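Got some structures for you, see below.
There are two complexes below, and they share subunit A, which is joined by subunit B in the first and by subunit C in the second.
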Partner chain A sequence: MGILELEALNVGYGSRAIVRELHLEVAQGEMVALLGPSGGGKTSILKTIAGLLPPLSGTIRINGQMVNQVAAEKREVVLIFQKPLLFPFLDVGENIGFGLRMQGIHGARAAREIAEMAELTGLGGLERRKIQQLSGGQQQRVALARGLVLRPSLLLLDEPLSNLDPDLRQQMRELIQAVCRQTRTTTLFVSHDQSEALMLSDRVALLLGGSIRQLGTPRELFYRPADREVAAFFGCSNLLEGVIMDRHFSCAGLPLALPLPSTQPSAQVEGKRCIVAIRPEQIELAGGGADTLTARVESLSFEGALTRLEVRLGSCRLTVLSPHPGPSPGSDVQLAIPASAIHVLPCP
Partner chain B sequence: MFQPLPESPAQAGTAPGRLRLLMLLGPALAIILLFFGGGIFLGILQALGYRPGAGGGSLSLSHFAAVFTDPDFSTSLLMTLYIATVSTLAAALCSLPLALLLTRLAATSSWINVILQIPLTVPHLVIGICISLLLSPAGLVSRLLSWSGLIAGPAAFPLLVNDTWSVGILLSYIWKEIPFITFMLVAILKNSGQELEEAAQTLGASPWQRFRHVTLPLLAPNLRGACLIVFAFSFGAFELPFLLGKTFPMVLPVWAYRNYSDVDLMARPEGIAIGLIIAAVVICAILLSQGLTRMTSRQGTAR
Partner chain C sequence: MSGRRFLGLAILLLVLLPFVPLLLWSVSEQWFYPGLLPQKFGLRSWSYIFSTASSQIAGGLVQSIGLSGVTTCLSLLIGIPAGRALGLYSFAGKRLIALLLLLPVIVPPLCVSMGLHLWFIRLGLAETFFGVVLVHLSFCLPYTIFVLWGVFADYNPEFEEQARCLGAGRLQTLVRVTLPFIFPGLCLAALFSFLLSWSQYLSTLIIGGGKLLTLPILLFSLMDSGDRPVAAAVSLLFVLPALLVLLANGRLLGRQGLSGVR
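Up next is the complex of A and B:
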């Protein structure tokens, strides 16, 4: 059982707040990502929830109980750090069982729970190994097992994958997701890697400039950003300013008005100046036709699965991510911008 | 096709790796072998009765026997053990909380660090003289106390120098060794102590449990090492007991020095024999400590 509620939480050191007025609720068994650029105070938020850092103001509730004054060791919150931070003088099994030992759980019961958790995290048979004999990925799994064996109300993960190489990271992501789902552990994790946050979490809270800018499902944040900074964070560089008339967006530089998607409620936006965001990978290179626009390729960079094109369309510059590596700089391409690619940012 | 990467030449198993290792170790090894090994070898020869100036002489264990059968030997040995053990333990007991405090006060501890570095730079001889000037019956403290009327007169001041319990010697050693042990511990604590403690805390460890199950085992190897160095030094050091000790019983190093510098050249081999006995006791202490470490770590894994 684990429900986390943060109300007007101010986090920081001394009198300097790094994160202001944080409101967040994490439901039982939910996995929420705190996403944001490095140095944005994400680790400090986790430390504050865990009780390692006193909050400047605001309340932290776990299962409905305010825990501001509760010592870290009594909060039933486990924080898994960026570094494994294993105890070098204990072996793998003893590390996993550390928390149980602190609770006075010894003998057969502890041994059974340690073995179970080692099995679950893919460490079966390594219990007697020394920490120094493990690889980085194995050490991080010991850290995870060491926390989960306590069946915490709340699991906090502080970029536990950032020190691992890409292959291992993918494995660990799947492991964390599987284990947390299986144990129904409420999890709040911190990441600066958007794909990690989008893939792992049920909901994402984007932290920009010391406050939560948008909170929602991964798809909402990615396809329906709340403002231009959120859009830019997720790599949507096509932001056009214009007017909405008759469910069509027109902008001074564009030769054609773009139809809005049918999902867009028109009442609030009709007749207003707005900014629309168009995801670069949703713009298609077409063979030509009635609704296509002719654009000139200004530059191009091959990025593997996709090719990034900078194109000029009228007086607008757009970025297109296309699976076709074909066009060359200076040539003309036909662009199709489907209505579903257009997202109108909420008007101020 | 991919070729397997050539093995790094620094790997210890390969021939060039071993050569490099030897070259790196060479200078230090040469000095140790030449001066330390050579010195010990000559010392053993002389302690066995070899006299280069007097046409050789026969080799025997008689000088060792003379030392061991001397009725004052056991008193001297106990006295030396007492000073070395008590000063080491006291310094360790003071250093542990000090190191913890220093790590907590990371931001404000720079001036404490400077103060702590002072004892490290002051030679033992100077400390000995200072303690003597401060704590002797006619010393500064005694005179200040009697002048202010807190004690009746200099005669009422307790004997702290050249005394039965070697208080002056112990105080000097403790003052000198606390910073040494503290810095050895702070290095470890600064490196990973606080983070490991935080990890333990979120795993439910109370302050006492964090100290007992995280900080102490983390510091144990360094604490043990530092204590051994301090013990070995104070067991074999000569200046402080010479300046601040009683004339009887003498600690072993002073006794060795007295014999070695005696006008009677016949006493010299005995002095060297005592020196070798000091070295043997220190080596025994190191072996004992290693044995204990191995035993406790085996108990740890058996649990």
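Up next is the complex of A and C:
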């Protein structure tokens, strides 16, 4: 059972606020990601919620109780740091059972819970191993087990995957998701890696410049960014400024007006100047036809699954991510921009 | 014989060789030049220690252990927070503090003791147990702080934050997390402190004013009296506790701190 509410929380050191006026609610069993560039104060937010750093102002509520004055060890909040921070003088089982021991739980009951959690995190049979004998991935799993065995109201994860190799990262990601869902643990985690945040979480809060810029489901943030910086953070570099007339977007450099998607309510945007975001991978390279646009390839870089093309269309420059590695620089390509690819940013 | 065993033997010989004459002196009753060995063996000196002067020697032993023990505890009690502050935080005047800490080590103990004596008389600390503890501390504390400074420079306080998140209170965090981490360094600091205080003669004599009869004070007076066999026996007795502390420490460190990763 765990509900977290943050109200007007200011986080920082001394008198200097790094994060200002933070409002966030995390529901029971929900998994929310705090996404943002490194050095944006994400870890400080977690430390403040965990009680390791006093908030400058604002309220932290857990299960409806204000916990601002509650000591870290009494908050039932477990923060798992970026590094596993396992105690080297304890073995795997003792590390997992550390928190139980602090609560005075010993003997058969502790042993049973440790064994259960070790099994759940894929560490069964390793309880008597020394920490130094574990691989990086196993150490991270011990850290996770050590936190979850306490059945915390709230689990806070600080970049849980960033120290791992790519394939371990995938395994660990699935493990965290499975274990947190199974134990119905409310989780708030911090990441600078957008794919990590989008994959793991039910909702994402994007933290830019010390405040939450957008809060929503992963799909909302990715396909319906609130402003140009959110769009840019998710790699959407095609931002065109123009006017909306008669449910069509036209822009000075663009030879053709683009129809808006049917999901776009027209009332607020009709006749106004706005910015339109088009995700680069939603622009298609077509064979030619009525609604296609001819563009010239200026440069091209092969990135594996997709090829990044910088194209010039009239006086506009667009980035296209295409699965076809075919075109060469200087050649002309036909682009199709489906209506569903067009997202009108809310007008200021 | 392999090189490693040869080296071990050589080190052992170097350590033990000085004790051979002491041992011989302590069991001799007549030993005149040019005899390589004593002309007459006997246990006169040992019986002197264990029966004739046993109460005096035992008193000195208790006094020495008490003094060194209290000094060690106090120097750890002050040294741990000081070392932690110096190792973990950066603040103005850190270099100055390092210099000031080295001063008692650089300045000859005679000067320190003579200078402090005057003050201690005024403060009523001269010829008291606590006064002697204080002057011993002035020599022990720099070593303790330097050792623990090094320990805390390699210490990650995030482990404590992690422990608190896992439900450990402040005291539990100290006992279950901080102490195990710094234990090897703590042993080393305690060893330095104990041995340094154990072997103090001049400062004990000056500040204690002859009221505190520690083992070194007794030893010097016995050497003065020219009874070599007894002085040798007391010397051996004097080395024994120090040797025990050293061995215990070696065992503890061997188990934890010195077992490197590579």
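Rule of thumb we're sticking to: the second predicted complex is superposed on the first by the 348 of 348 C-alpha atoms of A that agree within 3 Å, B and C clash if a C-alpha of one lies under 4 Å from a C-alpha of the other, contacts with A are read in each partner's own complex, and residues count from 1 in each chain.
To be clear about the criterion, contacts are C-beta pairs under 8 Å (C-beta built on N, C-alpha and C of every residue); 3 or more make two chains touch, one makes a residue touch a chain.
Bear in mind the structure is a predicted one, so any value in this text is a computation, not a measurement.
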Combined model on subunit A: subunit C and subunit B, fit or clash: clash
Touched partner set for A:Ala111, first subunit B, second subunit C, both or neither: neither
Touching partner for A:Asp91 - first (subunit B), second (subunit C), both, neither: first
Partner chain(s) touched by A:Gln132 [first = subunit B, second = subunit C, both, neither]: second
First, second, both or neither for A:Leu208, with subunit B first and subunit C second: neither
First (subunit B), second (subunit C), both or neither touched by A:Ala226: neither
Touched partner set for A:Leu306, first subunit B, second subunit C, both or neither: neither
Touching both subunit C and subunit B, counted on subunit A across the two superposed complexes: 47, 50-52, 72-74, 77-79, 81, 83, 85, 87, 89, 98-99, 101-103, 146-147, 150
Subunit A - residues contacting subunit C, complex: 47, 50-52, 71-74, 77-79, 81, 83, 85, 87, 89, 98-99, 101-103, 132, 146-147, 150
Interface residues, subunit C side, partner subunit A - complex: 156, 158-159, 161-169, 172, 176-177, 180-181, 256, 261
Subunit B-facing residues of subunit A, complex: 47, 50-52, 72-75, 77-79, 81, 83, 85, 87-91, 94, 98-99, 101-103, 128, 146-147, 150, 156
Interfacial residue positions of subunit B with respect to subunit A in the complex: 192, 195-196, 198-206, 209, 213-214, 217-218, 220, 300-301
